[in-house]
Every structure is written in structure tokens, then in C-alpha cells.
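Have a look at these structures, which come just after this line.
What follows is subunit A paired twice: with subunit B in the first complex and subunit C in the second.
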Partner chain A sequence: MSTDTRNPLVRAESSALERVAGGVLAVSVLVFALSWATTFEWLRMGDHVAGLPMVDWFGVANLLMGGALVTVGLASWVGLVDTSPSDEAGFVPGIIFGAMGLATGFFVVADWLDAGALAGLGAGVLVGIAAVAATVVPREDLGSTLVPGSGALLFGGLIAFDVLTVDWWFAPTWWSMRFVGYWAIPIGTSLVALLTVWSAGKARSGFGTAGRQTGAFALIGLNAFGMLSILTLVIAYVVSKGLPMLLEGASLAGGTLSLGPLSLPWVQLPFVTNATGSIFVDVPGVMPAVMGTIWLVVGAILLAVPLGVGAAVFLTEYAERGRLTAVVEIATNGLWSTPSIVYGLFGFAFLLPRFADGGSNILSGQLVLGFMLLPLVLITAREAMLAVPDAQRDASAALGVSKWETIRSVVLPSAAPGIVTGVILGVGRIAGETAPILLTIRASNFPRSSPGVIEGFRFVGSPPFVTNDALLQGASALPLQLYTTIQAGQSPRPSEFSFSEFGWGVALVLLLVVLGFYAIGIASRIYFRRKIRS
Partner chain B sequence: MTTASGIRGLIPLNDGGRFVWAVGGLSLLAFFALFMLESSLAALPFFAFVGTALYGWVRHQSATALGLSLVTTLVTVTTFGLIIFFLVEEAWPALEYEGLGLLLDQDAGWTFSQTGPSSFTLLPMIYGTVAVTVVATLVAAPLGVAGALFISEIAPNWAREIVKPGIEIMAGIPSVVYGFIGFVVLNQYMYDHMGLVGFGNFFIVGVVVGLMSLPTVVSVSEDAIASVPDEMKDGALAMGTTDWQTMKSVTVPAAFSGVSAAVLLGIGRAIGETMAATIMLSHVKDIPNPITDVFRNGETLTSVIAFEYGNAGTLHLDALFASGVVLFVTVMVLSVGSQLIERRMDQKLGGDR
Partner chain C sequence: MSKSEIDNTNPASTDPETRTVAAESEETLDDAWTEYETSGDTAIEVEDLNVWYGDDHALRDISMSIPEQSVTALVGPSGCGKSTFLRCLNRMNDRIRAAEVEGSVELHGEEIYQDGVDLVELRKRVGQVFQHPNPFPKSIRDNIAYGPRKHGDVTTGLFARLTGRHEGEKEERIVRESLQRSALWDEVKDRLDHNAMDLSGGQQQRLCIARCLAVDPEVILMDEPASALDPVATAKIEDLIESLAEEYTVVIVTHNMQQASRISDQTAVFLTGGQLVEYDDTETIFEDPESQRVEDYVTGKFG
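Up next is the complex of A and B:
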């Protein structure tokens, strides 16, 4: 009786296996991060850490991970530690390891040793079969540690014995690139670390079904962490590169704000407030592009919100499900998935000739972006209206008011938060679009002045009676300004600011504008959800 | 017109309402006709329509509101129709000139001449788009589905509150910014350390485009996974399976069609992605030999349009529109495919609700 009471579900203290495997898991996650840091050149391959060059540390890390995995697997197999492995490691790891073995064998023999494709294929198949057998045949504890462990030992050994060095390179015949030790060692190590994360995760929970869960969850969690890291990296990189340009000549109280006769000290940010191509400013700025983006967004909203909300009202409140709604759904999904460059072509062929005799103009850009925004507004507005409970509509109808009055005073107010957040997020998306406005509003690479839309309206005696020269001329916008800078290959003031200095500055302002819309949209959604729940 | 009578049946239209509908409808039709004819007179019926709508809003609000909502719906459908019409109309001369060779001819090149014969084919661009899309899918599909599993099934609440908005913000980073990073940083890195012959290659464009379509795959497949009824999962868990076993054998198989729809939509996004390819590639129109060599430079269906529309002659421009048609048709097939799959999934899962 006394031997059967040890129930793993209620075991309180951690076993030696859990500590060792947990340690390996933590180390492999760290190695994964460090190997990417080396790929990104934050850590240099030539650096010496504690007297040892970086590349040797990669050898050590691989040997350590491999040795630990094999040890844990063997310890579990001979019964030194208490585990509950299944009979075999399963098909999926077998196939993955087999494919890796096949690729490695083929690569080494056919291309590196130059023995021809046939010999390579033979070697690949042999290694592949061996990997599959080592995974599938033995019990799970050996099957899921042997292959990654020995792979890590092999890789680490090659580095330790200077077969793979920083300067090692190899040019495969089927790709016009070179594997160079400089990046192949860290990237290879990151792959080994991934396998180790999985394998050590399994071992930590004693293999078996619990082990499989831990192994899989560790990989999936690492993936989510990786995605967030990419996002953070992209934003941090643009900020760090663009900040010097954005703050060029900036001061907290150096500018003036004139309110009628009063003139107050104000923030000065020449990169945002100056014209781009003007020779009269010290710092070339992005004001024309900022104004262009503002006018594009305003025009797109004015077009898309009434159309989208109106169509959503019709679809959810008036129309019976039938042929018309089916057609509208097809059109909406079609508009949603139409590539942005196709919108550009549409504006180019359809709108440009009708507004400015085929020349670029802001109005066409506004309409094209509005058409892109339309499906986003329609879909979110429809979802928001469908989420309004029918009981509210019935209660209103029971008061004897007409259908439209119910929509106006019950449905639309309840759906408004959802619609507003949808519009904000949609605007964030179209504000960053380049391709459609490239074909419709592009004028000069570095505009000298902002479009004067408000003062541009004129009444004339013949149709169309109202015209606006500013709207009928080309302009710039933030994403377009970045693209034209890249295409010009230089900044508007090549003698003082380099192409990439100016480019990163534009990219930062663009990112701030777009992510600002997203932040407001997401925050307002969270706010409205909380309000509804409470 | 069954819909019209169905709509008319909803609201008793009195004489005033009928008048508003008639005048508004007629002026809108006149506006559309004149606008299509590129006449500046189009403004007249447009103002008439606005005036009628304003009058109707004050005097016959219910009827006008219904009419306006119908108009907005029709405008949505018409817009989609106009996109198709103008795309095909502009591309037609190019399609007529080269016929099927536009898609299949390997040696036609890309030469346009005002006087002599022109010869062009989209095959290298189709290759480029396929190469980029394959790499992008290899990046976006596994990472995206794993990310969706994390958000909807695995993550503790605090982690979900971070990862989910994070993915959404990732969708917001403009493609031109990704392209700039790729152009300045990644192209340079690969040139320095991978022994490439020139700047830019399909592989790295594919990786960048894959990262860009990742949010689409994550959010759409997360919706699919979250829509699997709890009863199904609870049944499995009650049998004593672990969470991971439930995911593997119940949740993911049940959501499989929704997840594959998400991947299809992600592929559609990758195919239509323009700016990263335009900025990072150097616009050579060759098919690499062997065709697995994705580390070569080239052109995609999207980048050729963005790069060349500015100085294109008539037939050249038509050929660019033909490239747009190929893109549009491909993306529409993917979109319709994913919708059909999603509908099937709704029927399957809706059965026991």
C-alpha cells in the first residue's frame, strides 16, 4: 500500500528531474535569444566574453544543451529519475526529425563534399531513416531527446574543433547565396535551442501526455513572445533611427504661438512644421505630407462613413436575407480583399480623367482611400448593429414608433461605440497605405508647400459651380513622402542631411500617426467593453 | 424585382415619400450617367440629389432614410462593379495583343515600342509573386496558427491582454516602413554577409511580406478557434485528456476549415502586398535558373505596376493593368474560397447549437 501513495498530482516539492530539465529549458530560451541578438549584431561574433571568443561560447552552448538532453533522456530510460514516458515519441516529431536528417545528409554529402546528387540522396535517406528510427523506435524519453541531443552535440563539436568558424563559408549550387559561419552559427544555434526547448519541456513534466503538453506550450509561448519581440524591435528601431531627425532644431519653448495680438512661447518642432522642398528653411520638414495625410483621411472618412453605415443599416435593419444581401456580401468581401495596388489602378483609370484631366489630384486619392475604408466600416458597423439585442428593438417598436425612429434612437446609439472604434482602426490602416495614393496623388518628390484646401474653394458660374484648385492638384502624404524619398535616393537637402537620416525621420512621423490611430482605437474599444460589462 | 417590393412592403410610402424617391432616384441616375461620360454637367443632378435628400429628410424622414440606406448599399455594389469593369477594360488591349502568351510565353520579354512591334509577358512577375508568396506562407501560416492557439486557448489573461493588441498593432505598421527597413537594413546585411550578387532577393521579401500577413492569419484563425463550442472541448476534457490533447484532437480539427480560410486570406494579403517588394527588389525581369533559387532578384505582379506606371506608354500601361487583372482574379479566387470554407464550417459547428 505504502508504495502506491505517491501521486504526481499532489506532489509538492520539485524533483531533481524538474530542476535539471527546467534549468535546461531556461538556458535554451536564453541561448535562443542570445543567438538572435548575435544575428542582429548587438553581440559581435569577434567579441571576447570572459576570455573566450563569442563563437566558442556558441560551441559551448550547443555542447551543453546536447549533453544535458542526452543525459536526461538516458537517466529517465535507465530509471534514475521518475518519469511516465509513452511507448514512443510519436509520428510528428519522427517526420520532422527525419526531414531534418534527410536535409542534413543530402546537404553535407551532395554539396559540401561535392559527391553528386545521387550519393547525397542516398546519404540523406540513410541519415533520415536513422533519425526517424531513433525517434520512433525507442521509448518516448529516449526518442525525444536522442536526436536533438546528438544533433546539438555534433553542431557544438564542429564549432569547438574549429570546423565551423566565423569565416567558414559554403555556397550551395541551388541557391545563389553563401552560408557563412558569421550568421549560420547563431542561426543554427537558435534552431538547436528551439529543439531543446521542446525536448527539455517534455522532460520537465516527465514525458508522457503531460510532457507533450509542456513541450508544445513552451514552443507556442516562445512563438508569441517572438512575435511581440519583432513588433517591439521594429518600433524601437524606427524610433531610435528617426528621433535625431525629428528633434533636429527642436526646442520646448523656442517657437511662438500667436493668438490674435498675443504671442506665447510654444514648442518648436521644425521637422514636423517645415516645408519639405523649400530653400527658405533650415531643416527640411514633412508639413506638406502631414497636411496631405490629414486631407486624405478627412476625405476618406467623409465618403466611407456615411456609405458604410448606411449600407450596414440597410443590410441589418431593412433587407430580408436574399439575393440582394448576398450580392452585397460578395461585393463587401471583394472590396476588403482587393489588393491596394488595384485600388490605385482603379483610381488611375476611373477617377483621374474625371477630375483633373488625368493629372494627379488629392480628390481622387481621397475617394480611392474612401473606397478602401468602405468595407472596413461596413463590416464593423454591421457587426456592431447585429450585436444590439432584438429585445431593445422590440421594446422600442412596442412604443408605437416607426422602424426608422427605432433605428435612429435605439440601434445607432447602441452601435455607435463599435462603429467609432472600427472607423478609427480602419483609418489607421488607410493612413499608412502607399500604393493607391502613389498612383493617384503623386506630384513632386519634395513639395514646397502644403495643400491649401480650405482657402482653395471657389464658386464659379458654370458647372460644377464649386471648384477647389488645391483638391485638384497632386500632393504628398506621409507614406508617399517616405517612398518618394527612397526613390529619389537622397534627402531634400543632400548636403546637410543624408538619405537615411531624412527617411527614418519620415518613417517615425508616419509610424507615430498610424500607431496613434491604432492606440486610440484599441483603447476606446477596451473602454467601451469595460463600460458595457459594468 | 422581388427585393424592391419587399422593401416597399416595409414602409407604407405616401405620395410625398414616393415623390422623394422618384426625384432622388432619377437625379442619381442622371449623375451616374453624366459622371461616366466625364461631363462636368454631372454636378447638376448631384446637387439635385442632395437637395432632394435634404428636403426628404425634413418632410418624410422614414422614407428618405430607407431610400438613402438603399442608395448607399447600391453604391457599395456599384463601386465593386466599376473596379472590375475599369480594370478589365484598360487591360483588354494587352490581353488581345499577346493572348495567352501573356501568361505562358517564356521568351516574350518586356519591350514596348511606339513604332515597331511590342512583345511582353507577365511570366517572370508571376514567378516572382509565387516565390514571394510561398516564402511568406511558410513564415505566416505556422507562426500565425500557433499565435492564434496561444491567444485563444493557452495564454493566461494577462498575456492575452498584451499579445492580442500587440498583433493588432503589428497589422498597423505601414508596408512602406517594412519596405524601408528591408531596403536599408536587411538588403545590406544579406549583401554583406551572404555573398549575394546584388541588392534584394525574393527570399527576404517573402520573409518581410510573411511578417506583414501574420496578423491576418492570427486574427482570422483565432476567431475560428474561439468559435469551437465549449461543449466539444469540455467533452474531451471530461475524458481526462490534457489541454494539449484536446487542442490537437478536438479544437484544431473542428476549427480546421476556419484556420485554412485564415491561411488563404493571409496568402491573399501576401500576393497583394506592393510596397515592400517595390522598394526591396531591383526590378529585373528574369526567371532564375534553377527556379528554386529564391535568392535572386526580380519583379512581382505588384511591384511592376508601382514601379513602372509613371512612364508607361499606352500598351505598356495596358500590360500593367493586365498584371492587375491577374492579381485581382487570384485574390478573388482565394477570397471566395475562404468564404466557402468558412460557410461550411459555420454549418458544421452550427448544427449542434
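Up next is the complex of A and C:
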């Protein structure tokens, strides 16, 4: 098709081009997913699939994609298929491909073939220029398929002819890094797949404007998929490692729930419900650490939310915008970016001597975490209040309602979802903090009982009238429990459980507790949103 | 409150005749219009009002008197100061830090720009409806009852229920009457607990008027209340304004000349520079104005 004819308005049947390019697109996405799965060891390179080991499948897929892409590009160039390419593929792909060519040439010649840095540089520049030229000089259909296609062909060929194998390794002289086949092949394949996805996406829509749209969509879609898979990976990895420990001795109805005189069968989960260091339990558990984390978070929220929201109300509604608010804003951002170990050190040096004769105690940990939470609550509460439209304040003022009543009945309800979001984010961070509590609450590595905060409250006849000894004693918390387990290098029951089994179990419970806090926060945000429906 | 109780420092208010005098600048002196005697009792008397926003002199020497139980329209091109003037009447300009107000505004003979004025009481008596409908994101009932609850006119809530001082019936009556007077009752009576944000724009604006009526004001200020609405909703608002004037004093800013001529009893024309150029019966303004510029403006030749 010549470029001066119009594109058909409707394409009823899919052309050969669309089928081939669509196939490459599908294979690219599949290969990308497989290479991620292999990188993170859900699949093994040596596993045989349909008679061939995974590594050979990667070779075959790369060869297929490369061959198909080059064919499509050439077919479009000579006019065998119906496309509408622009005059050139553009400079951005050119520069990217050029940089890749430079790196590849340099690596192969200078290090792999041991020809020295100068020769490597020369080869790199030559390959780079060739890649740029192949991208920028010809028409778009060739320019955007040649380099990705030949790259895939080269990579696939190296695997197919057993140059790159699972055991292949390569250590550059100037870099303390070792490339080993079992991870370099999937990583390389996923990079190649990013290129081929873009290229095949362009080809699928016949290049030109429509092609660029499809190519960009395919590329960023794959990126989003990659991000999602990292998240899934982390969670799935922790779950798979920690689940055996979590379910150790668990049963659905083996436990009992005592409700006064009633005794009902209940879920039994000894790893969660048992004490850590007790010798009277079959399975050492993490209950003290779970309770410690919960008390820390509750204390931090009780300190930070009223203070932070109050300060935000003052700054947003009362204080005149000027030097004071600017200084407070800078101070808040500074507090938020202060490293947590510095908070911990402050708690250790300043708070500990003031409570419980300098021993570790929960109260100091709560205060330190509260200080850490404070700036985020303040910042998000301020943002949320600034987002409440002035029209609502005007409406309230025009009814003769005083400022404080307006804040209480109009501004704060409207800002509540935003404030809750801030608290959720902050709690997610502080629940997993290790450094500050390491220096403030750490007592024994494997505590024998949970902190008895609720039953620890006592009324006394002299100020401060309410005391709580449990708050003035050290405790454990989930991140701290994980840290001490790893640092001690042994589990509370070394003869039965290895420290890594126990540690993964703790990590999984920590993850679940943090997700639990998120769930509570999200539920309350939904509740407040529904209430104001703004 | 009777007039005798008030410490009259302003001689104009002792004058039995209520007069409005044109600002004495070159532009207006050339024209013949000098004063306008309103009929009926005066609700608001403005004397030599000047407003600055920083260096910007937004209103110059405005003097006019606004009669009770009537509709007074303020018209003029954008930026001529009519909204600023409106906001002076319930001191909403206090909420703008840069605004500086000089002169005198009397509400039933009481100076509102003096020390010790209770802004809560003032704004209860001089309510305002804004250009864009601004209901609270609460239920229709909560929107209407918001003012009475905050002013302690009705006691509701859990604590009141527990102590037996819950005035649900009184609140219900206020909500119903306010919505009836703003001609919204029939449309929303079955869904008082729905969120006000779900109403259409015109309904929201009538809700805002009802919310204003619920605190039982004397004067209602309206800042282009129909400019964001479609013609049908506008017609409803206009009918409503006319009926409100039987009981309340309505001051309305509008860009729409036809609207001003349809609904208002007297019209004040502001032209650029923050000056009140002419103030007279609406009929006179639209049919036989004294100033050529006003005639040009109201007939659409300028502005």
C-alpha cells in the first residue's frame, strides 16, 4: 500500500500481519510472565515442560519472536502487507537502542572475549551506531522492528546453541558482580520481551499513529503487570515460607472458646496464641509480640491523632498564613524524614531515664512511635482540611455559626476520610518499625507472657492517680521479635524448629497484623466517605 | 428593638425622610440623578460606604437605603463591586483579610460596623444565598436543621434524647416549614434523610434558601442565585424570590437585566469603578433612567 492512499475506515477481517504481530505480542507477554516466574523461582530453569527444559523454551521463544518481528518489518517494507508507517521510528527509540547496542558491544568484546577496554569501546560504539542507524534511518516499519527483532534472534540463538546455559557465568573484571545463567537468562529474556512487546504492538496496528498508541499501551501495561507481580511475589513468598510455622499444630475445632459457663469448639492456632519463651507449650508462639505491637500502635495513635489533628486545625483554620505556618511546615516535613533510628536513640537517651528507672518500657516505645506518626497525621489532616471547599465554610458563617462549630460540624466531617487515610499510612509504617522499639522496649529475646496492659491499670491515692506497671516494663513486638530471632540465630525451641522457620512464621504474622490494620483503616474510610459522600 | 434605644451618632438616621444620595464624583455629577426616596420602612441604610481590597478601591462612597419587604436588585458589569457591597451588609467581608471597610451600614437603625457587634446575631438576621449552591454533604434534614441546632433553637441528639429534652417535633416543623416556603417540600418530603448532594442544581439552591430561612432572618442577601441554573430552575427561584418579598427584605445581585426587571421593586445600577450610578424604582431604571450610561447598560448597548 502506498502512503498516499487512505487507510480503510473499517477493517472487517484480521490480516496476516495482525495475526502474526498479535501472536508475537501474546508470546512476549507470556515469556515476560514466565521469566518473572523463573527469576523468583516459582519455576526452575531445569524443569522440563513438554520434553524441553525451561531454558530451551526461552531460546525457542526468543528466536520465534525475533524471526517473526523481522519478517513482519520486512514484509511491511516491501509492501506485502497493508500498513501505514510514518517516515521514521523517531529519536527516542533510536537513542535507547543505541545505548543498548553500546553496552552489549562493550560487554561482549571487552570482557567476554577479553579484548581489552579500548577494543570494547570501539566495538560498543560501532554496534551502538549501527543500532541507531537501523532505527532512525529506515522507514518506521523497519526502524521499529529490526533492532528488537535481531536482539531477540541473537539472544535466542545464544541460548539455542548452548552458549548461554544455566551454568554459564561471566564476571567482568571491573565489577564485583557475577552474571550466572540461571538468573541472567530470565532477566535478559524479560528485557527482550519489553522490547518485542513494544515492537509487536506497533506492528499489530500497522505502525503510524495507531501503531504508536498500541505499542505504548502494551509497554506500559507490561510495566504495570511487572509492578503487580513484585507485590504478589513478596506476599506469596512470605506466605509460602511462613505458612508451615503458622499452621504448626493448628486445627479448625481443636481449641475451646470459653464464654462464661459455655465451652465451645474453636479454631486452634498455637503459633499465634502461645507465648514465645514458655516451656509449657508444645509450639512456641508469638502472642507476646502480637500484643506488644497492638499496644504500641494503639498508644501511638492515641498520642498522635489528637495532637496532629489539633495542630492541623490550628494551622489551617486559625493561624494566618505566614512565617509561623511556614516554619511549622518545614519542621513537620523534617520530622517526617528523620531516620527512625534517630527517634529510637532519642527515646533511649531521653525517655527511658524518665520512666521505669531507665529500663526498657512500652510507654517509651509508644511515645517514640507517636512522635513518628505525628508529622504524617499533621500533613495529611492539613491537606484534607484544605481540600474542604471554602463555600462550605462561607455557607456556615452566613448562617451565623461560629468558627469552632463550623470546624466541628462541617470541616472535620468532610476531612475525616483524608485524615483516616493518613493515619492508615502512618500505622502501616510504624507497625513495622524496628529501630525505635529496638532501643526502647526490648527486654528478653523470647518473652514468656504478653504485656498485661488492661489488667495493669491501678488507681492510687496520690497523683497521677492511675498507674500501669505493665506499660513500664519491656516487651516484644513483631518486627523486634523477627530481628531478635535472626540475630540470636536460634528459635525459642532450637531442638524442634530452626530459627528461619520460626522467623518466617513471625514475618507472616507481622504481615497479617499490618494488613489487618490496613483493613480496619480502609473500612473506617469507607464508612466516613459514605457518611459525607463528597 | 425600637429606635429610641439606639445611640444615634449618625444624623442621617434621625432624619424622618430616608434619602439616598449619589456619590459625588465627576462622572455621576454630570448626570442629573441625585436622590431617591424609597417608600416604606427602611431595613438597611448605607451611608458613605467605601471598601478597599489592599490598594484597590472597590466601592466608592455608596449611600442608599433598602426598604423592608421588597426586592432590591443590584445590577452592573463584572467587577463593579456589587457583590462586595452585598457582602458588606452581613459583614462577610470580615472573612477576607485584605478587605477594609469604611462608612456606615445600619440594620433597622443599628450600626453594624461598630465595636461589640455580635456577628452571630447579625448573620442570623441577615442571611445569604450564594452564587453556586453550597449545601453541606449531609442529609437534607441536617442541612435545614443545621442553623437552628447550632443556635440552640432546637435541642436534638443522643444526649438530648437521654435527658428527655429532645425536640424532634419542633425540628421537624422547622424543616417542613422552611422547605415549604422555599417550594421544595413536595419534591423532597419523602427523602429527607437522603444526601443533599444528590439533588439537582436548582433543588440544591432552593435547599440553600430553605437553610437560610430556617434561622428566621429579616434580610436575605442573594448573590446571583440563579446564574448557575437552567431556565426552568431559574424561573422557580424567581417565583420564590417574589413570594419571599412578602415577608422578608431581599437584596439580590444579578447579571440578568430581564431578571432584575421581572422580580425587583427597586434597582441600583453599579458601573465600573465601584460607584453607584443610579438607584430608583425598577420601572424608572428600565424605562426612563436619568443617566445615559445606565440607559446604555440596561438596554444592552454597553457592559
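Everything below uses one rule, namely that the second predicted complex is superposed on the first by the 452 of 534 C-alpha atoms of A that agree within 3 Å, B and C clash if a C-alpha of one lies under 4 Å from a C-alpha of the other, contacts with A are read in each partner's own complex, and residues count from 1 in each chain.
Methods note: contacts are C-beta pairs under 8 Å (C-beta built on N, C-alpha and C of every residue); 3 or more make two chains touch, one makes a residue touch a chain.
Please read these numbers as outputs of a predicted model, since none were measured by experiment.
By the document's definition of touching, of the two partners only subunit B reaches A:230; subunit C does not. Shared-chain residue A:320: touches subunit B and subunit C both.
Looking at the shared chain after the overlay, A:503 reaches subunit B, while subunit C stays out of its contact range.
Once chain A of one complex is fitted onto chain A of the other, the partner contacts of A:345 are limited to subunit B, with no touch recorded for subunit C. When the two complexes are overlaid on their common chain A, residue A:353 makes contact with subunit B while staying clear of subunit C. Measured by the number of subunit A residues touched, the leading partner among subunit B and subunit C is B.
By the touch criterion defined above, A:395 lies against subunit C but remains apart from subunit B after alignment on the C-alpha atoms of chain A. By the touch criterion defined above, A:409 lies against subunit C but remains apart from subunit B after alignment on the C-alpha atoms of chain A. By the document's definition of touching, of the two partners only subunit B reaches A:176; subunit C does not. Looking at the shared chain after the overlay, A:532 reaches subunit C, while subunit B stays out of its contact range.
Touched by subunit B in one complex and by subunit C in the other are residues 320, 402, 405 of subunit A.
Residue ranges of subunit B in contact with subunit A, taken from their complex: 2-3, 6-7, 10-11, 35, 38, 40-44, 46-47, 61-62, 65-66, 68-73, 75-77, 79-83, 86-87, 89-90, 143, 146-147, 149-151, 154-155, 159, 162-163, 165-181, 183-185, 190, 193-197, 201, 211, 214, 218, 241-245, 265, 268, 271-275, 279, 288, 290, 292-296, 302, 305-306, 309-310, 320-321, 324, 327-328, 331-332, 334-336, 339.
Against subunit A, the residues of subunit C that register as touching in their complex are 90, 92, 95, 97, 119-124, 127-128, 130, 132, 134-138, 146-147, 150-151, 195, 197, 208, 211-212, 215. By the touch criterion stated above, subunit A contacts subunit B in their complex at residues 169, 171, 174-178, 180, 182-183, 209-210, 212-213, 216-217, 219-221, 223-224, 226-228, 230-231, 234-235, 237-238, 306-311, 313-315, 317-320, 322-324, 327-328, 330-346, 348-350, 353-354, 371, 374-375, 378, 402-405, 407-408, 425, 428-429, 431-435, 438-439, 442, 462-466, 479, 482-483, 486, 500, 503-504, 507, 510-511, 514-515, 517-519, 522. Interface of subunit A with subunit C (complex): residues 320, 389, 391-392, 394-402, 405, 409-410, 413-414, 532-534.
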